[in-house]
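So that you can tell them apart, the chains are marked A, B, C and D in the order they are listed, and the count of residues begins at 1 in each.
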Amino acid sequence: MSSWGNCIRLSIFGESHGNGIGAVIDGLPAGEMIDTEALLLQMGRRAPGKDKAATPRLEKDLPEILSGMLGDRTTGAPLCAIIRNTNTRSQDYGEMMTRPRPAHADYAGYIRYNGFNDIRGGGHFSARLTAPIVFAGAVCRQILERRGIMVAAHIASVGDIRDERFNGTDISPELMKRLSTSTFGLIDQTREQQMRALIEECRLSGDSIGGTIECAVTGLSAGIGSPMFYGIENVISSLIFGIPAVKGIEFGSGFDGSALRGSENNDEFYYDGDTVKTRTNNHGGILGGISSGMPVIFRTAMKPTPSIAREQKTVDIKEKKDALLSIKGRHDPCIVVRAVPVIESAAAIAITELLKEAGKL
Amino acid sequence: MSSWGNCIRLSIFGESHGNGIGAVIDGLPAGEMIDTEALLLQMGRRAPGKDKAATPRLEKDLPEILSGMLGDRTTGAPLCAIIRNTNTRSQDYGEMMTRPRPAHADYAGYIRYNGFNDIRGGGHFSARLTAPIVFAGAVCRQILERRGIMVAAHIASVGDIRDERFNGTDISPELMKRLSTSTFGLIDQTREQQMRALIEECRLSGDSIGGTIECAVTGLSAGIGSPMFYGIENVISSLIFGIPAVKGIEFGSGFDGSALRGSENNDEFYYDGDTVKTRTNNHGGILGGISSGMPVIFRTAMKPTPSIAREQKTVDIKEKKDALLSIKGRHDPCIVVRAVPVIESAAAIAITELLKEAGKL
Amino acid sequence: MSSWGNCIRLSIFGESHGNGIGAVIDGLPAGEMIDTEALLLQMGRRAPGKDKAATPRLEKDLPEILSGMLGDRTTGAPLCAIIRNTNTRSQDYGEMMTRPRPAHADYAGYIRYNGFNDIRGGGHFSARLTAPIVFAGAVCRQILERRGIMVAAHIASVGDIRDERFNGTDISPELMKRLSTSTFGLIDQTREQQMRALIEECRLSGDSIGGTIECAVTGLSAGIGSPMFYGIENVISSLIFGIPAVKGIEFGSGFDGSALRGSENNDEFYYDGDTVKTRTNNHGGILGGISSGMPVIFRTAMKPTPSIAREQKTVDIKEKKDALLSIKGRHDPCIVVRAVPVIESAAAIAITELLKEAGKL
Amino acid sequence: MSSWGNCIRLSIFGESHGNGIGAVIDGLPAGEMIDTEALLLQMGRRAPGKDKAATPRLEKDLPEILSGMLGDRTTGAPLCAIIRNTNTRSQDYGEMMTRPRPAHADYAGYIRYNGFNDIRGGGHFSARLTAPIVFAGAVCRQILERRGIMVAAHIASVGDIRDERFNGTDISPELMKRLSTSTFGLIDQTREQQMRALIEECRLSGDSIGGTIECAVTGLSAGIGSPMFYGIENVISSLIFGIPAVKGIEFGSGFDGSALRGSENNDEFYYDGDTVKTRTNNHGGILGGISSGMPVIFRTAMKPTPSIAREQKTVDIKEKKDALLSIKGRHDPCIVVRAVPVIESAAAIAITELLKEAGKL
């Protein structure tokens, strides 16, 4: 299913080489002003061709809003935006019909859909489908910002080169602003050169590299979310795993915290004026599924781009024998760079859902 | 929300010190034989008091089935089981009314429910609520086993002491059987002593320790799950984060894989007779959200038990000032041990949901 | 599926002759005071044995609350109540195993569940399952009343004997109060004798009789509900058809209105002080799925009780031949009388869901 | 919410005078051949301007499929179709901004959306939004027909002029075929002239007229659907009330049946060869929410078109006083005629959902 949500209903559609892709977002409040420039800025951060570290394909990816807006405001009716597919070179994908690409959805999708799925460019599995997620996220983000909530992410690592982590108890609005408008977002910008060098090295060697993204949500008041299956972790992760290449997620101290003792990992409460805060933020702003008022922080693991130029071993499902495959076409050597705004967008959509459930929207 | 699922609807209810807890499972196929001994064995693996590494409280935790079974078979109507609360010592929890325990849901829950939530024993946030999850999982597990699908987990680490990982391309039914009936499940059983020593050390020092759990699902055929928001990762994680203390999840090579190159992380396909397999299993049995036919493998990060005997700093929300807190009561120094069957159960429920959606149940 | 709802999640479980029946209600606001006497009064209105027009079975039907309440207030966690099954005479149902009762769910259920469903007393299809609906409705009703919203229904007809209809533009709180606490609710109480006589005549002749129920919701402000699939009509009817024997529903002028001209059926707006009202209420308080501020009014058609004493023709599904059937046991000759509080309850639950979705709860 | 469904997810978007309208259908099986001619035939039955009894507006209403199809087959990915809005005369709607049309959603929508909804042409409440429903229904219909299931409806009444009803125990495929391709579907075609005369009379007098539609589903095997809240009645009605002007629905003998005795309304079972059938079909093919194998039959009440040429009393919500309103623009004097394929479509979508839930798709 490519539809999601309870209070906010998101429906993503489209295939890489079909007529178009898009999103329907139902349940948005009416009367919200949506700034088109800010929308396009977010779309642009994800769009290919903007950055040497990403694929050289040129897409315009300009969304057309079909419904749900009147002038610059939401009407409360479902907001649908579509993006036309252009500049597709379907001939690049011929061999895949019978030879599934390692680490891609080709084989699993073939079985799931009895061979009827559109496999050109990855079809509905294509990373191109993250464009409507960014669109939906850009809409939600503006609604959140009006309520003092900011969402921003940065490249936490590329291969073994790491950025600093968020200081979970002190994240400035300036940092959030900078990261959420950047195309190569880092807390410590001096790491950019090293990361780019590694990515370029992978590209030149016909290889790819994975990485991690760290995302923060600031300004979320305490008491949002619910226990068990509607906690902030559940809601965010149910969306995040819809993003291609994500293979892991951790909140707060996450996997590192699992090696600690309670006396180390527990975050002490204190009063900062009238506000209850914690001195550390190993809980990632979430306790029992519910916001504590501290920044929500999570990290996602992105696997290396599966499409690599090197010849790989695979099978031929028509001839039912082992085979070799050389993937042609243009592919990001490191999907992490362009995935940053996608992760932010998923977080923004999730928080919007949670706020609406809490009756705060 | 403590209800979950689309094709299988799970509703968990109860509070630690209320009259009882339980689960309703709707959408199960009719005519499934459910072995009570096997149910109780699973309940027993989670129950406290069985193992020195866990809390010494004695609970019977015997579920009473109110509906959905006739004799030893499911009727197809909602299956409801309840477990009475007994042996509760509410007086242990007095101080918490005003002084939220660090790393617990007390404070977030207080804000969320305007102070009306039942906080005795953690109320609805209590780890005791995992008992109905294990019940539901034990039912689903039997339905899955009848179809050749096994679910088993082991303690992957306690603090910095690690078990071996599953060999993702070769997991024997014997290992699955052993782990899924064990109360201290390890692949390499020689690590048990070390882990127990560490847990005991933490207990004696009034502290606690976190850990990780690795879970495998074998026998799942290729083609189960869907792209985007109904992938196996999404469905499993939406349940897993309902388990107290889980702060992270990763599938296949997960976070480690994010540091690799595509040429290292991609799993090559090959024919093993008529069956398509992969030579490695970095994808954790899931590609594009859909099963590949290889074992599904994931790891979860469990934070150290927040309740520790040592005095901690917190706030007094009535007096609105900083305060100290000493938690009384009996608590697991390492929740990981008893969480193993809970993780398995969540996986079993998730796979049952996915199978039903695929029309295979 | 016996689970329902989006913002409020209702899960109904149980079978007529199993261990017990009950309901889980998730998503209720915390801190709501629930008056037990008022709860039991509503349960009593539905309970059999209270009225000669209904079945002489004696059930206590006393619900036990397992969770979600602390003292007399909701905690915000799922509220679960169970009712034990007692006084069941399963031997009355032997013949039905092979000979499905006409107009009952026996045959359809047999096919649906491959013969594994519990058919004693109708199993999960039993009208007894309306007891937890009344429980849930009684809880919701109190939450609504605190916000000025009242729900009441009356017997609109038994066979061809009709009560007056609600005056859709003027329904007094006194009438609402009287009807919502009555066990034989009529606007024009002089019709009671006639209706009772008809029911008694049917009983004596081993027959049964159908009827209609009209329900009103007053005090609902304008602007609740949504277009298309989440309108008030959709939400109410999705619950109402869960009540056994309901075969139709109409809002406002309903089927009668479909024979009218626009100039007759359109309700003119006017200002009553600052409030927009309509001079007539053919729209039943709902326009475009959304409340207009006028009373919500709907009628449901209840078929005659299928269980009649007379010998009926049916089939023997074991012997695969036509057969005769005499239904033993004690059955309501007119289910309409006891269904009144069930209809009210469904309406109360639906309105609670809609209010929560609108952020008003 | 304008999204619907559990196994099949339908999302309808658009506003009458916005850029476009459309539907996303998620969860369809892959590999289903969809005949475009048959699709357009169904779209044409609903389209205005085809029949004198309907509005003279000319719309092309040609859907463009953006995704989910490859050649003439479904891919299994979400199927999205859009329809551009053209030929809109927004100036006709100026007065409505402040003067809500009686019996329209204008006032309720204004309150619901704080005045931000797009009211031109009814916005998202417009009957034009039934076009995507017909599109989705036309897709589902082809999937059903391939499995022997047919859906057809006829005009059961216009004002007080009535067509025959379906013979619930004997509906020929020829009749189903004729009705499901007709633009003025009647069982007894001799009634057409009378009905048209009444509609024309209403049109000439600046008035409108309501009516009823009866729909049948044949070929549905026994055992589809579930008790309580997922019965066929619940699922169908949850969709049907999404169609503008529907104010009532009844299954089988419905409201008439509520005046009968059990001995009259009960349908006796018998064996027709190996098949269990009923001699009458007062149950409308549904028992306990589950199909009996007999035709599913229901009727809907459609109110008269609210837009009438005559001057009507209303309020001016800006000036906060009573006011007069003359509705300009072109409107159907009887919406029933064009609503027939919409009702069929809703039924087809509902049955597709139910089949998928039952694992039969």
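Following the convention adopted for this analysis, a residue touches a chain if its C-beta (ideal position, glycine included) is under 8 Å from a C-beta of that chain, and two chains touch if they have at least 3 such contacts.
The structure presented is a predicted model; accordingly, all values stated were derived computationally and were not measured.
A.B. asks: By mean C-alpha position, what chain is farthest away from chain B?
C.D. replies: It is D whose centre lies farthest from that of chain B.
A.B. asks: Sort out for me whether B-C or A-C is joined by the greater number of C-beta contact pairs.
C.D. replies: B-C
A.B. asks: Distance between chain B and chain C based on Cα centroids, please, to the nearest Å.
C.D. replies: 39
A.B. asks: Once you find the CA centre of chain C and the CA centre of chain D, what distance in Å lies between them?
C.D. replies: Chain centroid spacing, chain C to chain D, equals 26 Å.
A.B. asks: Once you find the CA centre of chain A and the CA centre of chain C, what distance in Å lies between them?
C.D. replies: So the centroids are 46 Å from each other.
A.B. asks: Quick check on chain C: which residues sit in contact with 2+ other chains?
C.D. replies: Residues 1-3, 6, 12, 77, 112, 124, 227 of chain C each touch two or more of the other chains.
A.B. asks: What part of chain A is in contact with chain B in the complex they form?
C.D. replies: Where chain A meets chain B, its residues are 1-4, 6, 10, 12, 100, 102-109, 111-112, 124-125, 129, 157, 159-160, 202, 207-212, 222-231, 233-234, 237-239, 241-242, 244, 246-255, 257-271, 274, 276, 278-279, 282-284, 286-293, 301-308, 310, 312-315, 317, 320-322.
A.B. asks: If we count contacts the way the header does, which residues on chain D are in touch with chain A in the complex?
C.D. replies: 1-3, 9, 11-15, 18-22, 24, 26-27, 30-31, 64-70, 73-80, 82, 112-118, 123-124
A.B. asks: Using the touch definition from the top, list the residues of chain C that touch chain A in their complex.
C.D. replies: Of all residues in chain C, those touching chain A are 6-7, 77, 227, 356-357, 359-361.
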